[in-house]
């Protein structure tokens, strides 16, 4: 026999650590430098400023992109304004066909897009492969079908497009957020200028190629790269009629203030501090999966993350034991490895923010738990983290950490759960775990949040509206409701 | 009754039996099935799959000749290749136990026999007990019993429990694997309840299926049963083994069960003492995969013995 | 000699003087009207917030019946309102349209979720639906002209969806609004669900716009300059600013005061 029983026991712990299973990257061609996508082609920028975009797992530079300036943004908006004339008058079924075509190309190039998304952003390949890219394609497919049915969506109205939409998206789901923004805008007959996040511009630039491949008329989609300044130029451009922003509540408020009085239509999808509430009768093992998926999915870089676990005191002990055990099975490391559960933190700045908040949690008296977990030497990493003994007043219970950090609080009665869950300026999502049907509906009714996941968490679908209450923003993305922000119904 | 827990204890366990959310369990199992096991890990997993295998024939047409051939394969799955281990056990009907004894004695391979009016379990308790005793007497050191699904589904948990206790007693030193026949239980809640019941009554292993009913073993069923084992161990400190059986035909499927075991019960269960895969046709696919890993070329069945 | 009426603010179901003790005479007329202060506004928001849960929790049919009752009461006092509105055909039309508006929205309470809610066919074993829910405390800056109809056109849809309201009456013609409060008080609208403050807009609007416990603000009565200022202040708590033309009457307007909530649940045995 090749392996003795004694060896087996040792090997079970060592060898079955799953050998590396890296996704092939040789089919992906990232250019060393990118221009801007304006008027249907990649053009040289007016701005001479460039910045590198790096792989957060290796800190290696992947490419250099433009820090677009006022002239660049103005060109992009002009191209979009010009294209709006013809695009908004194109027969709706033609518009639909372009969107269907884009959806198909996204599917055809899915592997390439997944790899780029993972390299540029640090998220595990299993997530970009199974979640980000398929959902992006699905989003275009869904809204493609709406393009020529708008009058059935809004009875008694003649829906008309608004004009140029200025869209600014975050780095946590780069291509998916692009799809959430561009698909409904185009279906409704608008044209767009989109600015991807500073740390994750590559999938948007790949999307520019896809627009060309789809023969999308020039100027219908324009992509300008840059940092916050470029974003503010996009939203404040006088010819932009519609602003859509996904990102932090802080920046969202700045945008709301900056476009005051301009008559621009605005939708905001901002931060969150969601409660994931587990009742004593919950299916515990699935609840543990939901908690893990709720906060450790995409390293917790999720605005709707279930970052506050509210657990009924009577089951806190067994639940936490299960949860801690489960945390020890999470695999942190190379995002391109198909078995990786926790990838790299998106940027150094984000890592520092997470570290700062975690330190505050320790200082305020919460009890830290992190499973044993080897951290790679290069790159930005943070182990899955769980805090117990957390009070509502602690910063880690109130502020959005946007990292793999869970704060655990307990409650005694359903009303106390409701009170604690809603005790936040945010209101994006909530989770409820219980076996009792009437309680699910009772809780769902009381959650002041735009999305309630009952006995599940972090599910997304193009047909399902997404967006927040209170300081989590307004307007919905997804579903029939996601069309409304891009249409004039008056 | 000696090994069984008291009824009071059973009562407390049964009250604590939680529901299982089907969709959540299915999704977790599906995500584990997506683990990518390569190279050295894969070879190790395939080796373990053989060592945990209950090589099985349960046909009306089984003969001494058929069983002899299977035993030869069990002892030496790949003639001429000493690096390939023997399987854990052979599994047969009661009348074929003697054939097994003749062929595997001294090899360390266990002899498992199905008993208790397999596969339906619709017979008298005293007959089931007698059958178990006969099997042990004939040389079986592992008994795969079926629970009385009729009693279980009608809510007569006591009867199911008592019967397992009685069969366990009849087993003596033989290990008892309790088949839940999950495909007949209706949903995961029932699977979980039956798992807890069987363990409380003294099962050494809990096993998914007879192989005679569809659906048989599935990754999600395995997950649900293993989660029940995990909770049972937490409550009582007594480790219970898990056996998947029915429909496991490919090396890839076998590896999925190993991954689920590893991530649910941990490395302590990655041993034939606590994990079994019951199968009649899985072995050759595992052998072909091992050869493929070693040689780098995809294999043909013509180069492997079909017994 | 007449017994003259003292006009009061309507806060938490009660008619109160301004805590400031101040009054003003709209258009230099002979009637004293309370000049509400930021503290009156604060009290009104507090009353509204307290009333919100129970009002939103009423059945849609019950809210519809209460609104309809308000329409009945308003219609019953039509002579008084026509006079307050200056008499004549125009005043009569404004009153009729106000009654009609409330009746129209009374009939919407139990239909809006059927028109704006959806069941979403997600690609997976989940049941998923979206329903409209009230956003909470809604501030309304009523239009200066059509002092009754302008206000009713905003209050009715906001209440229809289950919101609670703090409204600023027309500054120059506040009497119809303050008298509408009497109608609401004698119908079955619970205390705090509607609060009406009279006073100087310049003084009050900034406090309403910046109040952290106001979820939305309707600017139907604001000038462009005021809208800009409101929108700037509204950002402090990401308030929804509702800018829809004054004469709008539609489920889309009701929905503007609503949040869409989407609920997911697995489908399994």
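As written, the chains take the letters A, B and C, and residue 1 is the first residue of each chain.
Following the convention adopted for this analysis, a contact is a pair of C-beta atoms (placed from the backbone, for glycine too) under 8 Å apart; a residue touches a chain by one contact, two chains touch by 3 or more.
For clarity, every value in this text was computed on a predicted model and none was experimentally measured.
K.L.:
My parser should flag the chain pair with the most contacts; which pair should that be?
P.N.:
More C-beta pairs are in contact between A-C than between any other chains.
K.L.:
Pick the chain whose C-alpha centre of mass, unweighted, sits closest to the average of all protein C-alpha coordinates shown.
P.N.:
Looking at where each chain's C-alpha mean falls, the closest to the middle is A.
K.L.:
Need the CA-centroid distance for the pair subunit A / subunit B, whole Å please.
P.N.:
For subunit A versus subunit B, the centre distance works out to 43 Å.
K.L.:
Counting in whole Å, what is the centre-to-centre distance of subunit A and subunit C, each centre being its mean C-alpha position?
P.N.:
Going by mean C-alpha positions, subunit A sits 36 Å from subunit C.
K.L.:
From the mean C-alpha coordinate of subunit B to that of subunit C, what's the distance rounded to whole Å?
P.N.:
Between these chains, centre-to-centre, one finds 68 Å.
K.L.:
Give me the residue numbers in subunit B that touch at least two other chains, ranges are fine.
P.N.:
Correct list: 21, 23-24.
K.L.:
I need the residues of subunit A touching at least two other chains; which ones are they?
P.N.:
455-456
K.L.:
When you check subunit C against every other chain, which residues touch at least two of them?
P.N.:
Residues 126, 266.
K.L.:
Hey, which residues of subunit A end up touching subunit C in the complex?
P.N.:
138, 154-157, 249, 252-254, 256-257, 259-261, 263, 268, 270, 425, 440, 444, 447, 449-456, 459, 461, 463-467, 469-474, 476, 479-481, 489-490
K.L.:
Quick check: in the complex, which residue numbers of subunit B touch subunit A?
P.N.:
So the residues of subunit B touching subunit A come out as 18-21, 23-25, 27-28, 34-42, 44-45, 47-48, 51, 82-86, 227, 234, 258, 262-263, 267-268, 270-271.
K.L.:
For the complex, give me every residue of subunit C touching subunit A.
P.N.:
Touch list, subunit C to subunit A: 115, 118, 120-124, 126, 128, 130, 135, 215, 224-225, 227-232, 234-238, 240, 243-245, 248, 250, 252, 259-266.
K.L.:
Per the contact definition, I'd like the list of subunit A residues that touch subunit B in the complex.
P.N.:
Contact set of subunit A toward subunit B: 1-3, 5, 8-9, 11-13, 15-21, 126, 130, 281-286, 289-290, 318, 321, 329, 338-339, 435, 455-456.
K.L.:
What part of subunit C is in contact with subunit B in the complex they form?
P.N.:
Against subunit B, the touching part of subunit C is residues 125-126, 266-269.
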